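Here's a structure for you.
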Amino acid sequence: MSAQVPDVEFRRAVSGGTAGTLSSCYQCGTCTAICPMNVPIRSIIRGAQVGIRELAVSEALWQCATCRQCEVACPRGVDITGIIHSLREASYKERKVPQKLESALWRVYEEGTAWEGKKSDRARWAEGLNVKVGKQAKHLLYLDDAASFDPRLQRIAHSLVKIFNASGVDFAILGEKERSSGDEVYQIGEEGFLEELAQSNIESFNSVGAEDIITVSPHSNGVFRDVYPKYGNIPPVFHYTEFLSQLLDHGDVKPMQANVGEGLTVTYHDPCYLGRYGGVYEEPRKVLENIPGVKLKEMDDNRSNALCCGGGGGGMYVESEGERPSHRRVSQAEASGASVMATACPFCVLNFEDGVKTMGSSIKIMDVAEIVAGLVGNGGI
Amino acid sequence: MKQVVCLKVTPKIEQIKFDEQKKTIIREGVENEINDADKNALEAALKLKDSVGGTVVVLSMGPPSFEPYLKLAVAMGADDAVLLSDRAFAGADTFATSRVIAAGIDKLRPFDVVYCGEASADGSTEQVPPSVAEWLGVPHISYVSDLALVGEKVRARREITDGYEVVEAKPPVLVSIQLGCNSPRFPDFRRKRWADKEFKLKMLNIQDLGFAPTDVGLEGSRTEVTGLSRMRSPERKREFINGAEEEIAKRLVQIVRG
Amino acid sequence: MTKTGGVFVFIEQTDGVLEDASLEVLGKGREIADGLGVTLTGAILGDGVGELAKQCARRGAQVVLVADSPLLKNFTAEAYNNVVAKMIKKHDPDMLLIGATHNGTALAGMLAVRLGAGLMAHVVDLEVEPGTGTLLGSVPGFGGSIVAICKCKKGRPQMATVRPGVFKLPQPTDESGSIEAFPLDLKPEDLRCEVMERKIERGMSVSKAERVVVAGLGCKDNLALPKKLAEMTGSSFGVSRPIADKGMAPKNIVVGSTGSSLNAKLAIVVGVSGAAHFTSGLRNVEIVVAVNSDPNAEIFKHADYCVVGDASKLVPRLISELGGTGGST
C-alpha cells in the first residue's frame, strides 16, 4: 500500500464534532468487540484520527444503531456516537447515504413523517377517541412518526390515551399538525432542513402552551433533548414512563385491585435511547412493579448494559447485515423465565416482535403502556 | 450538454375529495407537491450533469403559485427555471398542454436531452411526453430507467412489458423517466435559502410563446370532460371471518376450493 | 361526427406474439363497429407478420392492414408513428383504438399530435353515444378514485388508449377478413432511435389469470409466503405498486391503476391497505379475499371476505391447510 497523505481538514472537521475526544482513542478495540451491529468502529476511528477518508467514511457507518454500548465499554470516554455522526455528516455531503434514508428525508419534508404514511392520515389513530387536538392543555402528548402510522404501534398511543383519561390527566395532541421530530434527519447528517424542522416544531409546541411534552418514543426524546436546544427553546420533555412514574409519586392515581397482575411475569428491556441516552432505568420498573401481583425478572445485560434491538440511528430504514441483534435479546428474555418482555420504545416493540416471529418464540412483547392500560378499569393505573 | 426537465406540480391525491352532489372535484385546501416521477426525471438529468457537465433547466406550465416548487428543483441542483404561466393555458388537455410545453422548450434551443416523468400522479395519462416529442420533432425514448452518454449518443435502458431494451439515439432527444427508477437527491437547504431569496425564474406568457387563445388551454384542447363520477366499486360482501387462526384457515380453504 | 369512417385498432406484436391488450381492444372495437354498422380495420406492423395478420382477422378484424419491413421489426415510436399516421391519413377512420401498453401509449401520444386528434388515455370503458356516433371514454384520474367521462371535441379520428385487462379477449372465429399490404417507403435514415439490445421474459400476465394472489407492503418484504400461496392455489402472483417501486418485484405484475386490472374469479389480497389506485384494479374480480392486520384498512371495503390478522401467521396456516409444508419465512 502506497503512502497516503492525511486529509488534515477532514480530521479537523471530525474532531471538532466530538469536542476533541477523537484523540483519546488508543485503539484498544473494545468497542468493536462489543458492537451489536458489527460495525468496525476501531478502524473507522483510526481513519478519522489519521485523516484517511476512505477508511472513515465507509458504508459501515450506516450499520451503526447509535446505541452507545461501545461508549459504556470504552475505557477512555471517547464520544464514539459523536464521531459516527460527524462522519455521517461528511458522508451526506458527498451523498454517500443509503437510498432508504434519502427517501425518508423526502417523506419528512413532504409528508411530515419519516415512517411511510400520508400527512392527512397522521391523526387517524385518534379517530373516535376522547382526545383534545391542538387546544391548550397542561401536557402535550407527542407521538412521532412510527406510533402515528403503524397499526401495531398505534395501540401504544391508544393505551396512553386510556391511561391518561382514566387518571384525569389534562393533555392534548397536535393531531394532523404534528410533524416528525426529525430524528432520522439528524441521523442522516442533514443540517439545513433539520434547522427548519426543529424551529417549526418548537413553534408548534409552544402554541399549545403546555408545561411539558410527553413522548411515546425515546428517539423523540433523544433529538429534542440533545439537538433541539441549538435551535430554540423547547419545553421540558419527558418520556411517558417518567410521567407515569411522576403520577405514582404524587399519588395521583387510584390504587389497583389486589392481585390484578397475578400470573404476569415480566422482564423489562431498557431501550437504548431511554436508558443509556436518557438515564431512565428505574421509572419504567417502578410503574410495572406498582401492578399488584406482577413479578418482575431481570434479564442478563440490563440497564446500561442492555442489548440494542437495532432500530436506532436510522436502523429501522436500513437493512442490517449479519444476525439480527433482536434475536439475542429475545433469547435472553426467554431465559429469564418471563412470559412477557416489556419495553418502552416503538422500534423495540417492532424489532422484538419480528424476532419472536422468526424464532418461533412464545414470549409476548408489550409496551409498558399496553400492560398498564390492559389493567385500567380494574382500578386506575 | 444542455438538459431540460419538465416538471408538473400535482395535488396530493389522497387529499382530493369528490362532491357527490355537484359531481366536481374539491381542490380547496389540497396541498401540492412535485410529481414524483418528475423528481426521478430531474435526478436522472442531474446524474448525467454530474458525469458530463453542462446545465439543467427545469420547466413547468402552471400558475405563479408553482414558483416555490421550481425553486425546490433549483435547490436540488437545477441551474435555471422557466414557468409558462398564463390564464389562457388553464383547462388544457394533454394536446394543449404538450403544445405549450413544447413551445417553452423550443425557446431553450439548442438542447440535448429533454426529460419528462413517465406520468403524473393526478392525470396519469402518460401522453404528454410523446406528444411534446412530436411537437418538437425529436425522437422519444419512453419508460427509461437509466441513461448515459456514449460517444455522441444517448444510450437508454427502456423498460417494456415483460422485459427491457437498450436504445440509442443522437441528441436532441426526449426521454420519459420511469417512476422510482432512481433516488432523487434531497435539496441542498443552503442553496434553497439562496433560491428562495435571490433566484428569479423566467416567466413566459401566451404572447411570449406566440400563441392565440384558440391554440391553448381549454379552447385549444381536443377532448373535453362531460361528467365526473366516483369510481363505482361493485357491491362487496364485506363478510369478516373471525375466530382462531385454524378456523379462519379452514374457512378460507373452503372459499378457495369453491 | 356522423360520418362512418370505420373503426381502426392498432395491433401490437412483440417478437411474433400478438399483445393481449391489442386483442382485447380488437374485441371491443368489433362490438363498436358492428353497433355502428361500419368496418373494423386492424393495423399491424412488424417484420414477417403475415401469419399474425390472419390471427387478427380470426379475432374480429374485417380488414387487416399489414406494414411489413425489417425496419419495423422492433417497436420504435418514430417509425410506427410515421407508418400508422400515413395509414390513418389514407383511410380516414372515425375512431382509432390502441391498447395502453408502454409502446401503445408512447405511439398514441405522438399520433395524436401528428393527426391533431383528441386522445382519451387509459380508458376503463368505452361507449358510443347513441345517435351521434361520438365515442365516450371513461378516463380514471386522481389515483383512480375518480372517473371522467370524456369525448373528443375536435380533430379526427377519435382516439383512445385502453387499459389492458379491461375488456375480455375475443374468442377466435374462422373469419378470414381481407388482408391488405400497406405500401411503405421507409429508409434506415428515418429511424433516429436504434434498439441495441432487448430481452423479453413472459410470465402469466396477472390480468389474464383466473386466480391471483396479490402481496402488499403488509407482507413486510417477505414475498416468499404469498408466492407459495399462489403456487398452492394455482394463482398468478401480483403485487401492489409500492412493492415494485421498492424493486422487489417487476412492474409488469403490479395491480392497480398504473398496472393491470384483474379479471380473476378469485383474488387473495395480502397486506395491501387498499388505496384507491390499487382497488380500482379489483373491480372485475368475482371474489376478493383480503387479509390485513389493520381492522380499519380500506381494502376491507373492497373485499367479499375479510380477515383481520397477521399475514405472516395466517398465510403459512393457510398453506399448510391446503396441504403444503408450512411456508418458509
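Each chain carries a letter (A, B and C) given by its place in the written order, and its residues are counted from 1.
Following the convention adopted for this analysis, a contact is a pair of C-beta atoms (placed from the backbone, for glycine too) under 8 Å apart; a residue touches a chain by one contact, two chains touch by 3 or more.
Here the structure is a predicted model, which is why all the values come from computation and not from measurement.
Are the chains arranged, by touching, as a line, ring, star, complete graph, or other?
Topology of the interface graph: complete, with all chain pairs in contact.
Count the C-beta contact pairs for A-B and for A-C, then tell me which is higher.
A-B
Could you work out how far the Cα centre of chain B sits from that of chain C, in whole Å?
Measuring from centre to centre gives 21 Å for this pair.
In angstrom, rounded to a whole number, how far apart do the mean CA points of chain A and chain B lie?
37
How many angstrom lie between the centres of chain A and chain C, each centre taken as the mean Cα position?
Result: the chain centres lie 46 Å from each other.
Which residue numbers or ranges of chain B touch two or more of the other chains?
14
Can you list the residues of chain C that touch 2 or more other chains?
313
Out of chain A, which residues touch more than one other chain, so two or more?
Counting only residues that touch two or more other chains, chain A contributes none.
Give every residue of chain C touching chain A within the complex, in rising order.
Interface residues on chain C, with respect to chain A: 217, 220, 293-294, 296, 312-313, 329.
Touching residues of chain B toward chain A in the complex: what are they?
12, 14-15, 31, 33, 39, 183-190, 192-193
In their shared complex, at which residues does chain A touch chain C?
So the residues of chain A touching chain C come out as 116, 124, 151-152, 354, 357-358.
Show which residues of chain B lie in contact with chain C when the two form their complex.
Those residues of chain B that touch chain C are 11, 13-14, 16, 18, 25, 93-95, 98-99, 119, 121-131, 133-135, 139-143, 155, 159-170, 173, 176, 178-180, 221-231, 233-234, 236-242, 245-246, 248-250, 252-253, 255-256.
Quick one: which bits of chain A touch chain B in the complex? Just the residue numbers, please.
The touching residues are 95, 99, 102-103, 105-106, 109-110, 118-121, 190-193, 195-196.
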